[in-house]
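Quick heads-up: structures coming right below.
Same chain, two partners: subunit A is paired with subunit B first, then with subunit C.
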Partner chain A sequence: MESYAIETKNVTRSFAGSVVVQDLNLRVRRGSIYGFLGRNGAGKTTTIKMLAGLIWPDSGEIKVNGVAPSQFTVEDRWKIGYVSERQILNPFLRVSALIKFTAGFYPHWDFAACERILQRFKIDPSKRIKSLSQGTARQVAFLLALAQKPDVLILDEPAANLDVVARREFLDEVLDLLRQDGKTVLFSSHILSDVERVADEIGIIAQGRLKISESLDRLKETVRKVRFHAFEKGVNGFVIPDAFQFSKTRDEVLATLRVEDETSLRALASSHRCQYEIIPLNLEDIFVEIVREPKD
Partner chain B sequence: MFIHLNPNSGMPIYRQLFQQLRQRIVSGQLAVNEQLPSVRDLSAELKINLLTVAKVYQLLESEGLAETRRGLGTFVVGGNEMHSVVEKRKLIASAVEQVVAEAQHLGMDEGEVIKLIRQRFEETKRKG
Partner chain C sequence: MNAKTPFWPLLKSEMSYSMFGGKAQTCFMLLCAWFVAGAMPLVLLRFELQILFQSGILAIVIFMFVLWMTTFVSMALVPGCADLLPPGPDSGQVNHGLGGLGFIFTRAADRRIFFRARSAAVFLFALTPLFLNVAASPLAREVHTGALSDSRYSQAFPDMNHGIIPYGAIAYTGWLAWSATALFLFLQAYGALIANRVKPNNKWTGIFPAMPLIVLFVSFIAWNKIIARAHVSFGEDSFLFFAMHPGEMVIALMALAVVVQIWSERRFSKLEIL
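Right, the complex of A and B next:
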């Protein structure tokens, strides 16, 4: 089996002449929880739809669970769970009927998991979908994806419309799923504190390009905001070419950059005769620093 | 086990967990030979990723604070006594190095130096 549950090579997709996803090389290790982040319109949903095989790329290759979505057989689809941003469930069906109906498509359906999730989320199976709140309807969609026992679970904004408690419970379910070996989850989210709690790998997409794809630990340990100050000879000529953000005032420089090891930072500061101070960043800070348009 | 993690801090979760466990082992709150919760249980309890806990246990092992006994689980080793011995040895090593270098320089042999060290120990003992 491939070590990557999801792999894309130079995937590009345009809509009406404008490029939405460009040269995307995404790799999601088997067994990881991959948090896929980006601002609205950055290309997240387009990417996820391509992974789920709902739309095709203009160019490039995609493999999910080792198979190109365009070649998915029914058996391949059993192994891939997908919950879209706006999952549409038949509003007139009762939850129990919807479960029975959906279960008919999947030979490995996990009825025990259905019961467990219904109880955990306190969903009344005799209710009709149309009478559920938006958040509860999403939980039902999630339940349906989980009960098919997928190897790879792709979730587009799964926690949207859920309150704090429901979100925590949802995350617990995701973690439970992962505790069964080899399961892979890719989920997009706006709620960075959730991503920070459960994800081990992070992808950040901006303007259709993947800016970051690496472990959350590495991201937090190497992306730093650094304030350079006390310049003996002024800030003129001070540049850091590969900084994520860089701004200067008359006597200070603020930069967000990779600090793999502090020696290089010390050397930089001493060559410009200045002092520096390191400010650690959490995921939300890092996200903002990376996706924000650079200031001049 | 009460562990407080703040996922929204700039410090990675694995590091927060590692520091808290290390502190408990070194201070003796977690006793030698005490079994740590399984990776699965601790990740479920703290509601964090399984891989994060596995990574922390590996780090504890590489620092010599814990060991995995096949089929049994992960256990605390060492603890405060053993670690302070290692620390003390490290501290005295530079003084020993200096004495040996000086003796070689003066052409004194090992036996003479050891005799002097013994004498010195006895003098301090007598003074009590």
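Right, the complex of A and C next:
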């Protein structure tokens, strides 16, 4: 079995001549919960749709569970759950009828999980989809994705339209799913506290390119905002090419960069006759620093 | 293990009134079907083929039928067209549009089987009245040829006697059902051909439903200007040809249906859901 549940190689996709995803190399380890972050229009949904086999890449390769989405068979689909950003469910069906209809496609449908999630989210199965609130309809969509017992679960903005409690319950469900061996979850989100709570790996996409893809712990440990302050001559000529953000005034440089080990930072500071100060960053700060357009 | 997608639940789901956006729209669709259905013009025209073929009413029936079928097929089989409908919980956009298809396309359902179920549902809704009319046609009155009794009619209907065709209604309703099925197959193939190009919120999206009508309209004009001078009546000639070769025509139509269905299913399975 391949070690990556999701793998893309140099995937590019354009719409009407504008490149939305460019040379995307994404790797999601089997058994991980991968938080896929990016601003609106960064290419998250396009990437997720390509993973789900709803659209095709212009170039590059995609493999989900070892199979290209364009080659998915019905058996491959058994193992891949998906909830879209704006999941549209048949509004005229009752929840119970929708569950029955969807269960017909899956030989290993988990009716016990259905029951458990219905109770957990307090969803009345006799109600029609159109009478449900947006948040509850979304919970039904989760239920349908979870009850098929997928190996890989792809969720596009899963917490959208959910209140705080429902969001927390959903995250608990995801964690429960992960506790079963070999499950992989990729989800996009704008709510960084959720990502921080659940994800163990993070990918950050900006302008269609993957800027970061690594474990959450490593990201939080190594991405730092550093203020360099010159002792005497100013900071002319001070450049850090790999910095995520870089700005300077006459005496001061402010940079967001990866600091693997503080020795290199010390060496950098002393070579420019500066002292430095590390400013702590939480995930939200890191995200903003990475995706923000650099200031002039 | 070769997993099969269950066809009947899909067909049942597609046949539910909800697929057309609610009871009102479904009733309207069915009313239209019955209005243009096979025997109706014949009843109105007192079972006289001369009036049917020479009064111009056939052209009106064809126009209405093409308008109705094009709307029907484009909304059901070209998801980008369904997105033309205003959004809302009762809108056909919900089920037929690209968003609605996103759900079924990401389940463990073979898209080709899904397309088969959907096209079968459209076929049943749109054409069942015509086939019911074929079934009921043996009970209909005799058909008169009026002043059209030439040798071609004698060839097509050897039992014809003094311009009266016994069971002529069978040939007439069969011909209409055959033509409507051929039209359905043509529209289905046309829809499958362009479905991937019809994007929602695009100024060209509305062209699809209009295009067959435009083609038909231009054809009628061309027909009147050029071909009519040669004293060819397309409706009458095709009716007589069908009456003379009913078995061959039905076999040809079935072969066409198989080819169109396989081709359309393949195209549909590659449809992108934006």
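Quick note on the criterion: the second predicted complex is superposed on the first by the 295 of 296 C-alpha atoms of A that agree within 3 Å, B and C clash if a C-alpha of one lies under 4 Å from a C-alpha of the other, contacts with A are read in each partner's own complex, and residues count from 1 in each chain.
The criterion applied here is as follows: a residue touches a chain if its C-beta (ideal position, glycine included) is under 8 Å from a C-beta of that chain, and two chains touch if they have at least 3 such contacts.
This is a predicted model, so every value here is computed, not measured.
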Next on the checklist: Clash or fit: subunit B against subunit C, after overlaying the two structures on subunit A?
Outcome noted: fit
Item to check | Partner chain(s) touched by A:41 [first = subunit B, second = subunit C, both, neither] | outcome: neither
Checklist entry - In the superposed arrangement, does A:49 touch subunit B (first), subunit C (second), both or neither? => result second
Next on the checklist: Quick check on the superposed pair: does A:234 touch subunit B, subunit C, both, or neither? Answer first, second, both or neither.
Outcome noted: neither
Next on the checklist: Output check: A:217 vs subunit B and subunit C. Expected answer is one of first, second, both, neither. What do you get?
Outcome noted: first
Checklist entry - Counting only touches as set out at the top, which of subunit B and subunit C does A:196 meet: first, second, both, neither? => result first
Checklist outcome for this item: With chain A overlaid, the minimum CA to CA distance between subunit B and subunit C in angstrom is 27
Checklist outcome for this item: Within their complex, subunit C touches subunit A through residues 1, 3-6, 9, 13, 16-18, 89-90, 94-95, 97, 99-100, 102-103, 105-110, 270, 272-274
Item to check | subunit A residues touching subunit C - in the complex, by the definition given at the top | outcome: 15, 49, 52-56, 73-75, 77-78, 80, 82, 84, 86-93, 101-102, 104-107, 130, 148
Item to check | Residue ranges of subunit A touching subunit B (in the complex, touch as defined) | outcome: 31-33, 168, 171-172, 175-176, 178-179, 193, 196-200, 216-217, 220-221, 280-285
Checklist outcome for this item: In their shared complex, subunit A is touched by residues of subunit B numbered 7-15, 40, 43-44, 47-52, 55
